[in-house]
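A, B, C and D label the chains in the order they appear, each numbered from 1.
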Amino acid sequence: MSQAAVEHAPEHYRSTSLPDPKLMMWIFLASDCMFFGTLIGTYLVYKNRSLEGPFPVDVLDIPITTVSSFVLLMSSFLMVLALHALRTDNIPRFRLWTFGVAFFGSVFLGFQVFEFSTFVKEGLTLQQNLFGTTFFTLTGTHGIHVTIGVLWMLSILITSYVRPMSSKDALYLEVAGLYWHFVDIVWIVIFTVIYLVEFV
Amino acid sequence: MAVGRQPARPVSEVKLLARPTWTRGLLSWLTTVDHKRLGILYILASFFFMGLASIEAFLIRLQLTRPGLSIVSPDVYNQLFTMHGVTMVFLAIMPLGIGFANYFMPLMIGARDLAFPRLNAFGFWVYFLGAILLYTSFFFGGAPDVGWFAYSPLTSLSNNPGTGTDYYMVGLFIGGIGTLVTGMNFIVTIINMRAPGMTLMRMPVFVWMILVTAFLIVFAFPPLTIALFQVIMDRSFGTLFYEPAGGGMAILWQHLFWIFGHPEVYIIVLPAFGAISEIIPTFSRKPLFGYPIVILSGIFIGFMGFAVWTHHMFTTGLGPVVNTAFALTTFVIGVPTGLKVFNWMATIWGGRVQFTTAMLFAISFLVTFTIGGITGIMLAMPPFDALVQDSYFVVAHFHYAMGGGALLSFLAATYYWFPKMTGKMLSETLGKWVFWLVAGGFYLIFFPQHFNGLAGMPRRIQTYPEGLGFEFWNVISTIGTFVMAVGILLLLYSVILAFARGEPAGNDPWDGRTLEWSISSPPPYYNFDEMPVVNDRDAFWAQKYPESVHAKPVEEEFEEHGIHIPGQSWYPVIMAGALFIGGYALIYNNWWLGILMFAVIVIGSYGWAFEGIGGHHIHPEEKEA
Amino acid sequence: MSHDHKGSSVGAYTFIALVLGVITYIEFAIIQYEVAWLNAAWTIITLVVLSVGKFILVVAFFMHLKDDEQTYTGFFSIGMVFALGTFIVLAFLFSIRSVSSVWARSERTPVEVQASSEHPEEAKPHHELHGIPEHLQASIESEGYSRPLAEIFDTARPKNQALSIAVPVARTTQSFTVSEAPPLFALAGQDGVPVEETPAIEVSAQTETAQGFDTELGGQVYSGNCAGCHQVNGQGIPGAFPPLAQNLPILYQADGGREYLVNVLLYGLQGPIEALGQSYNGIMPAWAQLGDDEIAAVLNHVLTSWDNVTLLDEFAPILVEEVATARSTNLSSAQVLELRNALDLP
Amino acid sequence: MVRWIFRVAALFGLSAALSSCVFQGSDGPQSVLHPAGPVAQEQIDLFLWTYYLSWIVVVAVGGVLIYSALRFRRRPGDDSIPPQVHGNTTLEIAWTAIPVLLVIAVAIPTVRTLWRTEAFAEPKEQDIVVNVTGHQWWWRFEYPELGIVTANELHVPVGRRVILNMTSADVLHSFWPMKLAGKRDLIPNQNNQLWFIADESGVYLGQCAELCLGAHAYMRFRVIAEEEADFEIWKGKFQDLQVQQVQADPLIEQGRLLFTQKGCATCHTIDGYAEDYSIGKPNFPDLTNFGLRLTVPAGWADNTPENLAAWLRDPQEIKPGNRMPTLWAESDPNREEEIDALVAYLLSLGRDDQQQAQASVQHLGVGGNHGSR
């Protein structure tokens, strides 16, 4: 029996053409649907059941949230551009757009921090009422997802300086991208269900 | 389906910790990523926790033997039945199924490991350490005492100021993460790593059931995880999710828990179905009757598992509309379950049935599960459920369905697969004794509980007054525990005996039908010398007796460039350890420790990501040399 | 890779992004500038349709599901279907539940039904007690459901002290208690931050020894007469019997508190009081049948037990003479309550 | 072959016989198999229907299983390979029909019974409405229309519908009067309804069926179904309550004073204890007319002077985990004397004389057997 240290990456036999990491990510996202489904479901169940204020209509700020939603949507747009750039081996563009994604994500997080601190100033804390409890938990969990995404993007960006990247590595950016877009679509749902519908 | 090749993983190594290369010794087990070793770890851990849960059950039964006993105080009693339930469901039977799947699913589909070996190791260590965390509660202020479904508001800080509930929430939260990643890993493995020719409809039923189970895990655990998280938030940060005084609704916890909880029943029992679907054909020397029907009904059961959750809540006043709807969906599940039983019986019909211990357990499973199913249908009738919900009738029912169903079939699986895992045969003579003691003891314990339930004995009471008609059957039930305990001890002895001087098993002691029997016992670490090529259902049978199944040769072509054995890694156990310690930080609200562990996890995930490919290549064609 | 160039072009991406932006603006506009011809139902439908549109655009084009392997779409759809199905059903269950519970609630408290629909903040469920004398209602109000939140979260949790299984690590000693843990989003001095700062309990090395009072007698009197309600550990029973531990030093140090304590024992106390943030409305019987020495001894006992003495700036034992003096005043329990209310308690 | 069929048949005959023995034997006071009201009757009838159906299934499945396992067992030396049958579509369709039919046969009566027993009951004039509140670990019963508040013992008139509006003051409880109706959970912030009718007079046992920690096992109750006249008498005791001034019997008078001195009054209400009496909490059991109670505490033991004294002496001994304080230190020299006085006082409440209560128990025809559980 001969054993050789691995010098080149081995190719495995696979019964489908679906890359493992990408398949994994999709399954994770399917699972994440249930995570956010539970959080949003809890929010809906407790909607209008807070015993004392501040109530959603007192604190939610539609114009600001619209801007932050737009920022997050555009980060998604930059994400596909980055992937496209990497696939076409346009590394400078890829770096630019990846940085853009991380930057826009950070801007979104900045909006969220601003929003949270405003709410706290207006008397809405985690412990104040059911709205505070469910709202902060839901948007906070989403914020943590965004944070992880930003860190992921920055990691990819830094990696691209440490070692050369090419279109062969597109899969890993694509997987990160899937995650990023998912965070985006969750926000689309949150924006509608929590923010907009409240003011109908 | 097209055959693809995985793109190369980028080779960029930032080595914080070198990939370990031990092949034996404790450290090799700690850092292993081999699915077989992890499977054995899962099975051993499951049996260990099952032993603990049995001791708890034993104390419960002793306490209930006679009215008015005080062998354990009410508080300790509450802890005992809570830990018994939690352990059996989360730490023993479910991981046992996962363990068998871990060991045999790759072998059955002709794979050399799971798709993500390190993630698999991570899954195990997280489960194991989560379980340990849960059990340390006994030493730090008392175990959880809120029942295995921990109904709010019993779990709120005002009603339960001790740390037991925190241990429950955090322990299951951590353990749940492990199960979740393992479920995802299983799906990718089954989709992507089947041997050439192993189409979906040629997969062994066990693999199919594991696939369904994995999907159930992936979709059912998130609601539980979030619900646990909400209670942790309530207890650590003073949120109001389940605080009635703040408007929180206790009933929401029940919904979220059972949205998870009912699929959990199938997460436990579907692998058991799968194992039975392998054992019965093997010992009948016939293929499984109605293969597509068994699989479809498994999928259907899994799907419907998400649509029946409020049948655990018929008495919570949901109203007749909801109760009707969920009673009907529950009845519907009876149909595919019945179909499965019929198909198993039809498999026996016309076969050459060999009464090995495994087969005896399998047959007893059929009977037991049928009884459990029938009482299940009874309990699905909301009016009757109102009469006996939370009584010993329910206790008897779910022990027949989950305890009898899953446990008996996993004992069958143990007898069936033990030779493959160890290369030694378990004594059949002792095995018959084990069977009659365990199955007999089981019936002695749990059948009378139906009667006690009908006599009006509620579950979870530490004692009961005399004269209510509970006395006789409680004594019988306790006697049963002794019988079953003897059986289990005998099994233990039998295992030791097998290691000491068991007969060598050979590759294929049962004349098996699936691929795991085509390789040596125990299997080599690389599983298959060369990638098996599958040309029929029951792949190994078709290789052995091609004329009996008119097997057609496979059309898929492939070439193999040597076998890559994934390298061991420190990171799974480090990350799991960080989660474990972080769990204590969460329980005691020690944020500095929490931040520290969080940092370890962040650094660990970078180390994990940039660890490099590791492992080594072997070339099977040179193996003989 | 085969699907490398399956994705759309940059132009297409830009177009999609533009559409997404426009949809977001439309959503914003619908809410911000009231559209006269859209009623509430149609607004919600429009919003849902628009956001579903955004969702599908992102999923189909940005996540490439439109051109990618169907397996991904399948898996993701299963997740979405399960999540949507489960939680729509869940929300539905709660909505029909609330219908029937409003119905049922009208049985108990007809007033609340209207309140719950109009002003959610007033829908706080409380026990309307039928057939209870009017004057009992007040004490009922202070109990159970109607306890204000702050009260519930700022007071020590009642712990079931009845059974003793070994509890070596109490939550309070090992770590933060919840009220001590800073709320995640609260700023100092705001709601949720514990108002009362419980003084740190430090086990003092020099335990106060008997200084001119009879410790043994005090202990006997206490266990014979007081421990039934105030408990051996001086913690009382939350909601029923006020604690003596940590509470007495506060009373003692208040101006006139010393005399008040003597009077409580001699003449009893009845009516609503607050102790350590929890309200009580009970009765303290008069203990005039005890001798002056017994009353003095038990007072000194409770003031020095359970680390109480460490909370006192200075402590002079209560004298038998003081009790004798107080005995001559002949107060009623109502007057004692007035005395208490007159105390300048923190 | 025939021999085996006989054996299998004998086996099932035996188990069926055994099982019916069990049914015969299960006539305990909490057995759901012998209901005392139409609601429980319908519920158990549904069970019995399914139970008989299930015997068909068990016999069929078990019979075929055992028969085929024995008939097709491998004989020694037989290494032949049986025909590798993969399935049979006709058969599959046929036996899909079997569970479908069975399920339909169960579903139809289920839905019918469900709507008859669980549909929301609108209170009519002759109905008795009771607000039930679950507490750790006792029950509060309020009759809003009658102005009665009591604990742990629910008096209802025979033949009239009793509608319970239920909620909980702390954790979940479940009200389970098994002879009269199935259980319903008591949930904070939620009002649940349960209704039943008692067909005959008698004392019916019940118990909390949802884990509520501590003294959960001891959280029992009684439903006392009385003829209309007796119910009126009971009602009258509450509605025409006399304020009890100083009692003639010195022992009872001592107990009356001790009731406040020992702090009992801080938690427990006794209506008519004194003028302008304004203490006692709704979160603790109401002791008005305590002498009429059959049991102490919360349906655990007969309300005899001995049991009551034992309960007062050491509540944790009788009902571990409960919240009643121990009022006397072990060494207290006055303990027994004061307990006697309190017992005398409490048992005098609502009773015209000592014998009357006993008589009323006898009159209900429950004797010590059921009452003592």
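Simple rule for what comes next: a contact is a pair of C-beta atoms (placed from the backbone, for glycine too) under 8 Å apart; a residue touches a chain by one contact, two chains touch by 3 or more.
These numbers come from a predicted model, not from an experiment.
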item: Reference chain D; chain at largest CA-centroid distance; value: A
item: Higher-contact pair (C-beta pairs counted), B-C versus C-D; value: C-D
item: CA centroid of chain B to CA centroid of chain C, Å; value: 39
item: Distance between the centres, which are taken as Cα means, of chain B and chain A, whole angstrom; value: 32
item: Distance from chain D to chain A - Cα centre to Cα centre, in angstrom; value: 53
item: Contacts with 2+ other chains: residues of chain B; value: 7, 73-75, 191, 218-219, 223, 237-238, 244, 246-249, 251-252, 259, 317, 319
item: Overlap residues in chain D, where contacts from two or more other chains coincide; value: 120, 188-190, 192-193, 213-214, 320-321
item: For chain A, residues that touch 2 or more chains besides their own; value: 16-18, 23, 27, 30-32, 34, 37-38, 45, 49-51, 126-127, 171
item: Contact set on chain B toward chain A in their complex; value: 1-12, 115-116, 180, 184-185, 187-188, 191-196, 198, 218-223, 225-227, 229-230, 233, 237-241, 246-249, 252, 256, 259, 531, 558, 560-562, 564, 606, 609, 613-619, 622-623, 625
item: Complex interface listing, chain A residues touching chain B; value: 1-6, 8-20, 23-24, 27-28, 30-32, 34-35, 37-39, 42, 45-46, 49-51, 126-127, 129-130, 132-134, 137, 155, 159, 162-163, 165, 168-169, 171-172
item: Residues of chain A touching chain C in the complex; value: 16-18, 22-23, 26-27, 29-34, 36-38, 40-41, 44-45, 48-53, 55, 62-63, 66, 69-70, 73-74, 76-77, 79-81, 83-84, 87, 116-117, 119-121, 123, 125-128, 136, 167, 170-171, 177-178, 181-182, 184-185, 188-189, 191-192, 196-197, 199-200
item: Chain D to chain B touching residues, read off their complex; value: 22, 25-33, 40, 42-44, 46-47, 50-51, 54, 57-58, 61-62, 64-65, 68-69, 72-74, 78, 80-88, 91-92, 95-96, 98-100, 102-103, 106-107, 110-111, 113-115, 117-120, 170-172, 174, 176, 178, 181-185, 187-190, 192-193, 205, 207-217, 300, 320-321, 369, 372-373
item: Sites on chain B touched by chain D in the complex; value: 70, 73-75, 78, 145-147, 151, 153-154, 159-160, 244, 247-251, 284-287, 289-293, 315-317, 319-320, 323-324, 327-328, 331-332, 334-335, 337-339, 341-343, 345-346, 348-355, 363, 366-367, 370-371, 374, 377-378, 380-391, 451, 454-470, 537, 545, 548-549
